[in-house]
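Heads up, there are several structures right after this.
Two complexes are shown next, each including chain A; its partner changes from chain B in the first to chain C in the second.
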Partner chain A sequence: MSLGRYACRRLLLGLVQVLAVLVAVFLLVEALPGDAAVALAGDNPDPARVAAIRAAMGLDQPLVTRFGEWLHALVRGDLGESLVSGRPVADFLADGLPTTLLLAGLTMLLLVPSSVVLGVFVARRAGGRVDRVVTALTIGLHAVPEFALAIVLVALFGVELGWLPPTALGADPLADPAVLVLPVIVLLARPLCAVTRLVRAAMVDALASDYVRHARRLGLSRARVDYAHALPNALAPAVQQLARTTDWLLGGVIVVEAVFVIPGLGTSLVDAVAGRDMPVVQGLAVLFGVTTVLVNLLADVVAFRLAPRAGSAA
Partner chain B sequence: MSDPFPTLRRRGFLALAGGLALAGCASNTPAASGPRTGGRLRAAFAGGGAKEVLDPHMASLFVEAARSKALYDKLADFGADLTPVPRLAEKWEPNADASVWRVTLRQAAFHDGRPVRAADVLASYARILDPKRAFRAKASLAVIDLKASRAVDDRTIEFTLSRPYVEFPNVLATFSAYIIPESTEDFTKPVGSGPFSFVSFAPGRSTLLKRHPDHWEGAAHLDELEFVLANEKSARVNALLAGQVEYAHDLSPVTARAHEAGGRVKILRSPNSGIQAFAMKVDRPPFDNRDLREAMFLLADRPQLVESVLSGSGQVANDLYGKGYLHYADDIPQRTRDLDKARFLVKRAGAEGLKVTLNTSEAATGFVEAATVFAEQAKQAGITIEVAVGDKDTFWADTLKNGSLSSFRSGAMPIESHVSQRLLSKSTTNVTKWARPEFDALYDKAVSTVDEKARDAVYREMQRTLHAEGGYLVWGFADWVIGTTTAVDGVLTAPANSLDWARFDRVWLR
Partner chain C sequence: MKGRLGFGVVLLVVPLLIAIFGPFFVPDEVTRGRAFVETGILGTDFVGRDVLHQVLLGGRTVVLVALIATGLSYAVGVPLALVAAMARRRWLDELLMRPLDIVLAVPSLLVLILVAGVAPRGYTTVVLVVAVVTVPDIARVARAAALEVSSRPALEAMRLQGESRWRLAFGYVVPTVAPTLVADLGVRITAALYLVASASFLGVGVAPDAADWAVMVDRNQAGLFLVPSAVVVPAALIIAWSVGVNLVFDRAVRR
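The block that comes next holds the complex of A and B.
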């Protein structure tokens, strides 16, 4: 199969996937108890008032009508308005996106080289003491949930030692990048462990493969065999794991943004779900869905190029 | 219960006993010199994220209330004992039967220089009362007959009410009844008459305000005031410890205990801020049985609840709302645990081996903990309480309708408002379903009795009934815990939602 046809087929599939995500998110939020009117009324749930809010929000319309109208507007590029504040959903995305992108982008930027270098480094020493220590550390760290790691790091470096800001409260991450250090470390920890272990395993397999042994027998230098022949094959599964890490990052960002008070998309999502603010939830679902599909598509295309057999089999 | 701040308690007592408004310096350390002018105070609150709005009539969160208070004024606000204190209104005078009220405005100006006029007041109230909208203050303001009310002149308003209502000043002070300039609908750059004027707003992030030099009460000390949002209590206290903010609203009592001895931050406690209770629905089994309700009152170990759930940052309650507030029936003896009598009453109610579900959620701090502790206490009287943790976002609407026993908490409001919103046949948030014609009649009598002493007697009679057989098992009054850096002075301690709570125009930075 040619790369172009493969990409097209995947793109169409992606569109269907995003649509399925939107329907699922709509139904799931709808299935939560209560609606935006009840959430807004809070501890003053005067039934007449709740009914008035509901009518003002248009929530008295049937479910299918609301979803249809929303989808129709989406096709025209209109994400709608927040039920609660009346602000355009596009504003929510535009406000939160740069921060979240910065956080996720920095993490990916650090993740790729560090995990590959570390993975290859230990793979070339497979079975040795360094390998055993790194393996133990990566397994151990991978078992620590983000929020737990975040709390420990904040207590130690943010509050006790005072080396780094414990929260990003009131700070602009672009003007004051120090506020991003702890969040990025927390986001980096688990995927770094996972990808490093994957690269190590793939590299160990590749180094033990027939073609590498053959290349060695031909008298090529060890470095050339390892980096020019073994590594590209070892990277294909790692690239796909990196794509999966992007999905994971979107989830991790929600936790990290909450703990470090970073006003990004994760915070918006949590607030929107709590407020049952459907248009905002849906807008974020579009963004997250499209991002996930695109990143995975990109990863598969890259993997296809790196090792065509792996790609076509997928 | 240890009391780390005896001065606060004593001052609270003075304010209650003497009816004195807390005035002047009331910080917990004596100021070496007078207030200093200048600086920016950053205050961290829990917030609603990007959905928050600047429309003061839509305020419902604490941060929105605090911000509205900085930007706007009401005609009146509540003192520490929840008596209405004049604000934009200079004075109010009722007619003989308290059905017509003449309110005189003080000389005040909006941030853009326009004077605050009677027309602005009437327009603000008309906006809140708009039948097509659903503002929180609408129910309280509904007593005003707007068509019959009028502006006598620019600074005098004559409010005609739909019935005689002695407690009308409570309406003027009601939550979110702020005065905005006539025909304002756009709040992207809000203009009010409060001690701070608007600079910038980033929803979900921060709101920056600056001193309004011409405020009628005298200019604030701070140059600038910034509200920032952090939903987690732990994040607020961390930001405070690291000096990222100077003021952190609503800390957990456990955190407060951990940090107040360290000297890095100041901890302030506002007594009588959060009313903690369990609500029994009296219109359905099993709590339609009066003996069983009394048994529940008697099996509760209030000191244990206060100590374990509030970590001691609070006081034991007596099944009545509003300790320390005007008209509170402090002459009713404190109820204490009596397991023998509780068991006897359970037996008499035929409720031995009763199993009942207690609906709770994470809607408020300590709800689930209190429910769990209370379930243990009930077990000792032979009642099995199954704690059901429900959805926090819809908890209040759910428990208003469903179940028979639920967690309950309330912020401060006058006892009269508590009764009218929750304990009358026509009350819209009557979670205990307490609906009795003779009780309704007592309320009507109270709010139409002009003589203060006679009125107080009626309120006390109502509270005696509630204490004996009401649906609210009020077990505690939580302190509101606020933390500041040591550089902050002039923070007053008063119940949440009263005038001196989250009041930043009297705060200064050393």
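The block that comes next holds the complex of A and C.
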């Protein structure tokens, strides 16, 4: 399959996924008992008043019509208003986005080089003591919940030793980067374990392959064989895993923001869910869901470009 | 290598024993003193309850909810995968497996927060949602394994002999793919634990003063400087269980 055809097929799947996410988010709110009209009518709702509000808001229209209208507004960037504060939902996104992007972006930026370097480092020493220790660590730590890891690190470095600020409460991350050290380390832990293991495994396979043995017999230097010939082939599976880790990263960001009191999208989401502020929940869910779908799409296409065989099954 | 397994077993067993037998060592009536003071072995929590008692009580939900959710997702995912893999018609396979790709496309924790935050509060909701988001992974692995098995000549021969599909599935395919599924079990349990604990920590689907290790970490965080043990002990138990399960199952797979 050519790259173009694969990209088209993958794009189609991505569109279906985005549509499914939108339908799911819309239905989630529909499934709630009571609707916005009941919420607006106050504590002692008069049925006539509820019906009037419902008609005014278009809530008496059939489900499909309302979904169409919601979608139409969404495309125009109109996400509605918060039921609690009356602020436009778009403002919530605009407020939280820079902080969350900073956290996720910084983690991604550190993740790629560190996992490749660490993975290659242990793969070249496969079977040795360093390899065994690193492997045990990556196996053990790869599913530890972020909040538990975070709180232990905070207790150690923030409270006991006093080296780093225990929370980001009231601090501007850009003015005071020290508040970001612990959050980024915590966010890095799971993806680092997963990607390092994958790079190591792929690199060990590549180093044992015929073409590497042949290159060695030709008298090429070890560094050249390892880095110029084995490494590129070992990276294709890592790219796909990297995309899967954005799922974790988006989930992890929600938790890490809650632990360190960082005012980002995750904090907005948790607050909105707790307060049943459904327009805000919908807006954030759409943003998170669509981002994940797009990142996975991009990664699948890149991985296909790197190693056409690996991606052709999808 | 032996040391790693021993270490893993200890990490796995200690939280598990506390989770299962801990509640038997706690007196029925809850005594409440002042909040966040260093009395007793571990001090008191945010509403003045004894932290040691809360630790003994709080493992059951975290550990058992994760285990039940994992069991449920295997119970749903494996039969689904078997039907998909053994289907003679390709559209049936597609019909069963394609929708799972859509669930896989969204972060699991996000789905859990959204659905459990909106649905009626309770552990039943958490179990169901965790099962739903982990079924696709299990079904994919099981389908891939069963697909390979169901094209074997042995199975073809049994089919020609007129064996029923039921017997083919449970008499031959399931036993053959079982090792592959078990190899995956450790990862699935820790994934479920991750979701259950993280959701509880965020206050989704649980009562705000529940005796639950994850809820303890959240609620007692305010007293981190006063009674660190009220936060660190439950957090450490969660970490220990997660690491222990992974180390032990990884070891079991390699054998």
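The criterion applied here is as follows: the second predicted complex is superposed on the first by the 264 of 314 C-alpha atoms of A that agree within 3 Å, B and C clash if a C-alpha of one lies under 4 Å from a C-alpha of the other, contacts with A are read in each partner's own complex, and residues count from 1 in each chain.
What we mean here is this: a contact is a pair of C-beta atoms (placed from the backbone, for glycine too) under 8 Å apart; a residue touches a chain by one contact, two chains touch by 3 or more.
Being a predicted model, the structure only gives us computed values, none of them experimental.
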{"item": "Contacts of A:R216 with chain B and chain C, given as first, second, both or neither", "value": "neither"}
{"item": "Chain B versus chain C as contact partner of A:A274, first or second or both or neither", "value": "both"}
{"item": "First (chain B), second (chain C), both or neither touched by A:V159", "value": "both"}
{"item": "Touching partner for A:S82 - first (chain B), second (chain C), both, neither", "value": "first"}
{"item": "Chain B versus chain C as contact partner of A:G96, first or second or both or neither", "value": "first"}
{"item": "Which of chain B and chain C A:A258 touches, first, second, both or neither", "value": "both"}
{"item": "First (chain B), second (chain C), both or neither touched by A:A48", "value": "first"}
{"item": "First (chain B), second (chain C), both or neither touched by A:L169", "value": "first"}
{"item": "Which of chain B and chain C A:R125 touches, first, second, both or neither", "value": "neither"}
{"item": "Chain B and chain C contact sites that coincide on chain A, given as residue numbers", "value": "32, 151, 154, 159, 166, 258-259, 270, 274, 276"}
{"item": "Interface residues, chain A side, partner chain B - complex", "value": "32-34, 38-50, 52-53, 56, 82, 84-87, 92, 95-96, 151, 154, 158-159, 162, 165-167, 169-171, 258-261, 263, 267-268, 270-272, 274-277, 280"}
{"item": "For the chain B and chain A complex, residues of the former touching the latter", "value": "42, 44, 48-53, 60, 132-134, 136, 138-139, 202-206, 226, 228-232, 234-235, 238-239, 241-242, 244-245, 363, 390-394, 396-398, 400, 410, 428-429"}
{"item": "Touching residues (chain side chain A, partner chain C) in the complex", "value": "13, 16-17, 20-21, 24-25, 28-29, 31-32, 132, 136, 139-149, 151-152, 154-155, 159-160, 166, 247-248, 250-252, 254-255, 258-259, 269-270, 273-274, 276, 281, 285, 288-289, 292-293, 296"}
{"item": "Contacting residues of chain C [partner chain A, same complex]", "value": "1, 4, 8, 101-102, 105-110, 113-115, 117-118, 187, 190-191, 193-194, 197-198, 201-204, 214, 217-218, 221, 224-225, 228, 231-232, 235-236, 238-239, 242-243, 246-247, 250"}
